[in-house]
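Please find the structures below.
Across the two complexes that follow, chain A remains constant while its partner is chain B and subsequently chain C.
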Partner chain A sequence: MLMAGTSSSEFIPHHLQHLRYDVVAGEWAHATDGIVNFHLINVDTMVMGLLMGLLFFTLFYSAARKATAGVPGKFQAFIEIVVEFIDNRVKEVFHGDRRFLAPLALTIFCWVVLMNAMDLLPIDVPGMVAGAAGAEHFRVLPTADINTTFAMSLTVLVLVLFFAVKAKGLGGFGHELVTAPFGAHPALWIPNFALNVVELLAKPVSLAMRLFGNMYAGELVFMLIALLGFAATGSFASGGVGSGIAFLFGQVAMALAWGGFHIIIILLQGFIFMVLTVVYISMGQEGH
Partner chain B sequence: MQINLTLLGQALAFLILIGLSWKFIWPPLLNAIETRQKKIADGLAAADRGQADLEDAKNQALAIVREAHGKAAAVVDQAGRRANEMVEEAKGTANAEGARLIASARSEVATETARVRGELRAEVAKLAIAGASQLLKREIDAKAHAALLDELAQQIVVAR
Partner chain C sequence: MQQYIALIQAYTALGIGIIIGLGAIGACIGIGIMGSKFLESAARQPELMPRLQGSMFLLAGLIDAAFLIGVAIAMFFAFANPLLARLAG
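Up next is the complex of A and B:
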């Protein structure tokens, strides 16, 4: 948690620190050990991700349980608008049985949007609440954690492979891996395979990096805007009331502007992740 | 930035959410939406059918009214004709009755005339006898001179 008197140079690194637990050692991890370390888990990401997942499930399940074909209430109507919106988007891209793909798209859209929306919480409030509970750090935005975005995009890759194999059979899929796109000549097998691997891997990487980059950058901009508050404090301390008020006004105005703009990004990134997932699975089924 | 156990944790959470959404959320919601869409489509079709039925009924009613108008006109026409006929018939009957009455009156007058003539004749005969007896100062035998007197009376009546 951010204490009074923290300098602006400590503010941003502090806010980019995860609350980590070392599962193997059984203790809170203070140092960031390595680029890959499967002993550690980001507790803040897990807590917020699961909370948003629970929120999604609670909202939609309570609507689904009471859903009637009669006149819907306002809540049910809202949920149905979301469901029908998703169903129509999936219908546009994918021409087949939507019984699994449509709920998958719904889950992606709603979960990502809910997690992204955490970026709109006032930047210091979640840290204060978690700090009161004894946590050293707390990053409230799960989609600004590369683990979340890769977890989703790699799951999507597995689903793409699963549906491709299901549609073409293992032999058909393997055949396509080595013969498309250049041709079936044995000399072309290796280039074909290499290109297909790159194509397959590019999908989860682009999915994950796009969402992560957008949310990480958005979060960072909010932090930079918050730095104006430090400037205001500094001005007031040195007797510059006018410049202090200007900094304060600038912070509020920019936070409002960026917040408004960010609402669009929150929805758009959820939408893009969902549509691209459907497109990838659809492409994988149709083949070259 | 670090790849760690969170990757697996979030992937597991993601898979569980997909499963829940697939099994418990999507089917009932989509079922409700589709059932309602079908209901609305049926309702609209029924409304269209009702509209068409109403149009038919209106046309039918119009045809019935038109037919009734025609029938009523025919009835009025017939009634008029029948009334005329009845008037003509009544006129004929009245004429015939009048003629019959006149004829019977005439015959009655003739009979009466004849009867009165007879009476008058007898009365004149009596008067003649009375006058004659007065003149002759003697009783005339009515019976003996009846024929004579009758002739006299006849002449008197004829002379008048």
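Up next is the complex of A and C:
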């Protein structure tokens, strides 16, 4: 919610605040104390993430219910293109039964893309709508919250471990954990194990940080562009009509340019998250 | 107190500049090498272009990622500096 008379120096910190609920205290949290506080829930992230998931499910469910074997409509054709595209990507990377992996990849791709796409909403509109409902802050972009991305990537880690254990058995997986890169000599067990643990942990961290960094940076650039609007009103207020119009024009042009570029990033990051998930799972399954 | 704040701000600003600058150098070199190799291989075997294009975009996203993570962290320090918040608290 953008109050009238908000200064430009307050604009960005204000827009970076989550709508937080303190579960332990049972009240809305106003100040953020510390970086890590497990009492707080980012309500805006949860609501938007679940909404986007629901949107994905309803869209694809209704398409599947109404699907015909005859001439498909535009909607069905679109859904078919998406499903086939993802299925082909998975087929390239993963050789085997993909009855679980292909739908997983489809879910990840569509969900991440839908959540990322929230970045294209005008920067103040979600805040205004939420503000009308009485919310102090509202960040509409769930993937610019590190909690979302880490939740997704840690789930992927669990799946990687699950599929590795399923393919090799608990003994086989444990054996590989201590003998894999260097060899089975007992003196090499500890370095092997350390290397494997680092390798396993690097996967979710890089997945989560990549998506978070891209979306956070993208959101911030939109906010910086929005600051030009403040410069424009400042110029108009002090009588500089020419510079005010220049600022306004600059804001529109830069927002268009960055928005166009950002559409690529939105799709690309969803795609990368999906492909890497499949790659990690098939790597874990195939072994060394 | 003012001096300490100024000191932290100055060092943070330097850090932000170094993070974004060095990250941009790395990402640009990476994209440049990949782009030139892509054009080379596309000229050598034009029939492979669609497949190469797909993996090129994928890799472009991967190369960009480290830089953009750096930008995000730098921006975080620019607008919500945790070091400065510690001084206030």
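Just so we're on the same page, the second predicted complex is superposed on the first by the 288 of 288 C-alpha atoms of A that agree within 3 Å, B and C clash if a C-alpha of one lies under 4 Å from a C-alpha of the other, contacts with A are read in each partner's own complex, and residues count from 1 in each chain.
We take it that a residue touches a chain if its C-beta (ideal position, glycine included) is under 8 Å from a C-beta of that chain, and two chains touch if they have at least 3 such contacts.
Computed from a predicted structure; not experimentally measured.
Undergrad: Touching A:210 in the superposition: chain B (first), chain C (second), both, neither?
TA: second
Undergrad: Looking at A:268 after the superposition, I want to know if it touches chain B, chain C, both of them or none. Which is it: first, second, both, neither?
TA: Once the two structures are laid over each other on A, A:268 reaches chain C alone.
Undergrad: Who does A:65 touch here: chain B (first), chain C (second), both, or neither?
TA: The answer is first: A:65 touches chain B but not chain C.
Undergrad: Quick check on the superposed pair: does A:84 touch chain B, chain C, both, or neither? Answer first, second, both or neither.
TA: Touch status of A:84: first partner only.
Undergrad: Enumerate the residues of chain A that count as touching chain B in its complex and touching chain C in the other.
TA: The overlap between the chain B and chain C interfaces on chain A comprises residues 33, 35.
Undergrad: In their complex, what parts of chain A are in touch with chain C?
TA: Within the complex, chain A contacts chain C at residues 12-13, 16, 33, 35, 209-210, 212-214, 216-218, 220, 265, 268-269, 271-272, 275.
Undergrad: Enumerate the contact residues on chain A facing chain B in the complex.
TA: 18, 20, 23, 32-42, 45-46, 49-50, 53, 56-57, 60-61, 63-65, 67-70, 72, 76, 79-80, 83-84, 87, 99-100, 102-104, 106-107, 111, 142, 145-148, 150-152, 154-155
Undergrad: Could you pull out which chain B residues touch chain A in their complex?
TA: Its residues touching chain A are 1-11, 13-18, 20-22, 24-33, 35-36, 39.
Undergrad: Show me the residue ranges of chain C that touch chain A in the complex, using the header's touch definition.
TA: Result: residues 57-58, 60-62, 64-65, 68-73, 75-76, 79-80, 82, 89 of chain C touch chain A.
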